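Below you will find the structure I want to go over with you.
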Amino acid sequence: MRGPYVAVIGAGRATGEQERAAERVGALLAEAGAVVVSGGLGGVMRASCRGAYERGGLTVGLLPGAERAEGNPFLTVALPTGMGELRNGLVARTADGLVAVGGGWGTLSEIGFAMRLGRPLVAVGSWAVTAPDGGPTYPVMDSPDDAVAWLLREIARLPAK
Amino acid sequence: MRGPYVAVIGAGRATGEQERAAERVGALLAEAGAVVVSGGLGGVMRASCRGAYERGGLTVGLLPGAERAEGNPFLTVALPTGMGELRNGLVARTADGLVAVGGGWGTLSEIGFAMRLGRPLVAVGSWAVTAPDGGPTYPVMDSPDDAVAWLLREIARLPAK
Amino acid sequence: MRGPYVAVIGAGRATGEQERAAERVGALLAEAGAVVVSGGLGGVMRASCRGAYERGGLTVGLLPGAERAEGNPFLTVALPTGMGELRNGLVARTADGLVAVGGGWGTLSEIGFAMRLGRPLVAVGSWAVTAPDGGPTYPVMDSPDDAVAWLLREIARLPAK
Amino acid sequence: MRGPYVAVIGAGRATGEQERAAERVGALLAEAGAVVVSGGLGGVMRASCRGAYERGGLTVGLLPGAERAEGNPFLTVALPTGMGELRNGLVARTADGLVAVGGGWGTLSEIGFAMRLGRPLVAVGSWAVTAPDGGPTYPVMDSPDDAVAWLLREIARLPAK
């Protein structure tokens, strides 16, 4: 029985610190038996795939373009969607939970989608947002270990589907 | 020659103040000859369509579901996409610029998409966001009139396409 | 009260005869008050839009690319989806019924989608198909007038939605 | 180095003969190191996944709905797209080549998409189609072994990407 599907979202251009955090997230997810889903490109996506792949984890990349070759080399499964940035919604849709590390506007779109769909999400050095009605958002944590531990607990509490 | 396509984004449940702002935005856009694009449902979407429709404006709704009847009654064109929340990306994609009024997580996903695509966007009492790198975001204005005026100027400055 | 949404599907490269048939279809649909939906490009799409547009009909183009300018000049509403050929499914999804005129493989994908969704569809000099189980397909007619008349009757018989 | 991505397309309701053919196709693809992509549901999809899975092959299901649980039990990776029948285009998009076994209208839409994208495709007891211009279509074969052998040769001849 395979574990949950967890998306690691973040920008294709990342700082060294963000990449280290993403790689650690990927490694922890692989150790927990999770399938790591991402947009499949560079930066945070590549680092999280690398962390998972090197521990024998299964990684899935939902690529924006039409060519499989644009995927990073740490993908078990590379799927060129040809949908451009619309594939961000697919990443959120297919995940049981998400970790955001750093990130640009595309990452923000994925955060919005995921929260809209009621997916558990935790941010590590990512976007901070304030809702128009001042309502609750998602937890922000410094430590990748804390973030993954929190997320896996939240996913485990979800009703089975 | 028709004017620009402007999306008005915001939640299906809105306060009276947000609906008044959205209706004013729609009215101003119609007077400027813009095509008003939205998710086609209630709340801010309905109010902006109403404002535009009553001034003879053209309104387009990209509905999440499979039934045209879910659209609000102020749509010139109602398109059921059957894509669920993924249609948020389509709203951003098809617009030359966007006004966000209030809004929930779906609105945040549209903001992320629009900014990722480089579309001019202005917020009226909507999400406030801080990027991981502290970079620039979008203007936030109190007045629908100021917001629409700013947006139409920005769109006019874009290279023709 | 606006009439039904009818998609005219066919290839971007068409023979003169196909374009004349498509233009006639568009004209008849506009006279019936229908909204004409298409992929928004050239050939059959352009001809059907022209026929409708010149009779004051409302035409909607769901463009495959990201630029509104790729749409033909007879579109009331031009929506760049950025979804590539995946937008073929949207064309079928948003229509209450379809007329296929000539067409290439993309047209065949739209035919498949439309029939899968249970939409009434009629072909004028288009693909002929035989199902694996030899089951019923769609009517093939020579005359655009007969085809439109048949389609509008079928749409009128559908349950309201 | 993983082999090509091959989609097996066909209906969720299939005859015993079609399921046997699909299972054989899946088995042969797994033995060739291919990743087997499908719509992830029952009938031909389930049978091809079963054939591949039982030989240690990697199987990917692009599900139409929003729930992972709707996937068949022989999927290595199950991705709920929430796109409904629009996911048919994704199946064709993500594959390097396709085998159609039997099938309904959804299968025909996938055939149209795949041919539009220039993917090699072979049919085993599936749709027979005649283009408006009488142009070439795809090969139809009785034997799953012949079909897979032909397809793998065609894929190998494609330019690398």
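Letters A, B, C and D mark the chains in the order given here, with residues in each chain numbered from 1 onward.
Following the convention adopted for this analysis, a contact is a pair of C-beta atoms (placed from the backbone, for glycine too) under 8 Å apart; a residue touches a chain by one contact, two chains touch by 3 or more.
Just so we're clear, the structure is a prediction, and the values are computed from it rather than from any experiment.
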item: Chain at maximum distance from subunit D, centres defined as averaged CA atoms; value: B
item: Chain pair, B-C or A-B, that carries the greater number of C-beta contacts; value: A-B
item: CA centroid of subunit A to CA centroid of subunit C, Å; value: 40
item: Centroid distance [mean C-alpha coordinates] between subunit B and subunit A, Å; value: 28
item: Sequence positions of subunit D contacting 2 or more other chains; value: 66, 82-86, 90, 93
item: For the subunit B and subunit D complex, residues of the former touching the latter; value: 66, 82-86
item: Of subunit D, residues touching subunit C in the complex; value: 18, 84-86, 88-90, 93, 102-113, 115-117, 125-133
item: Complex contact set, residues of subunit D against subunit A; value: 5, 35, 58, 60, 66-69, 76-77, 79-83, 90, 93-94, 96, 160-161
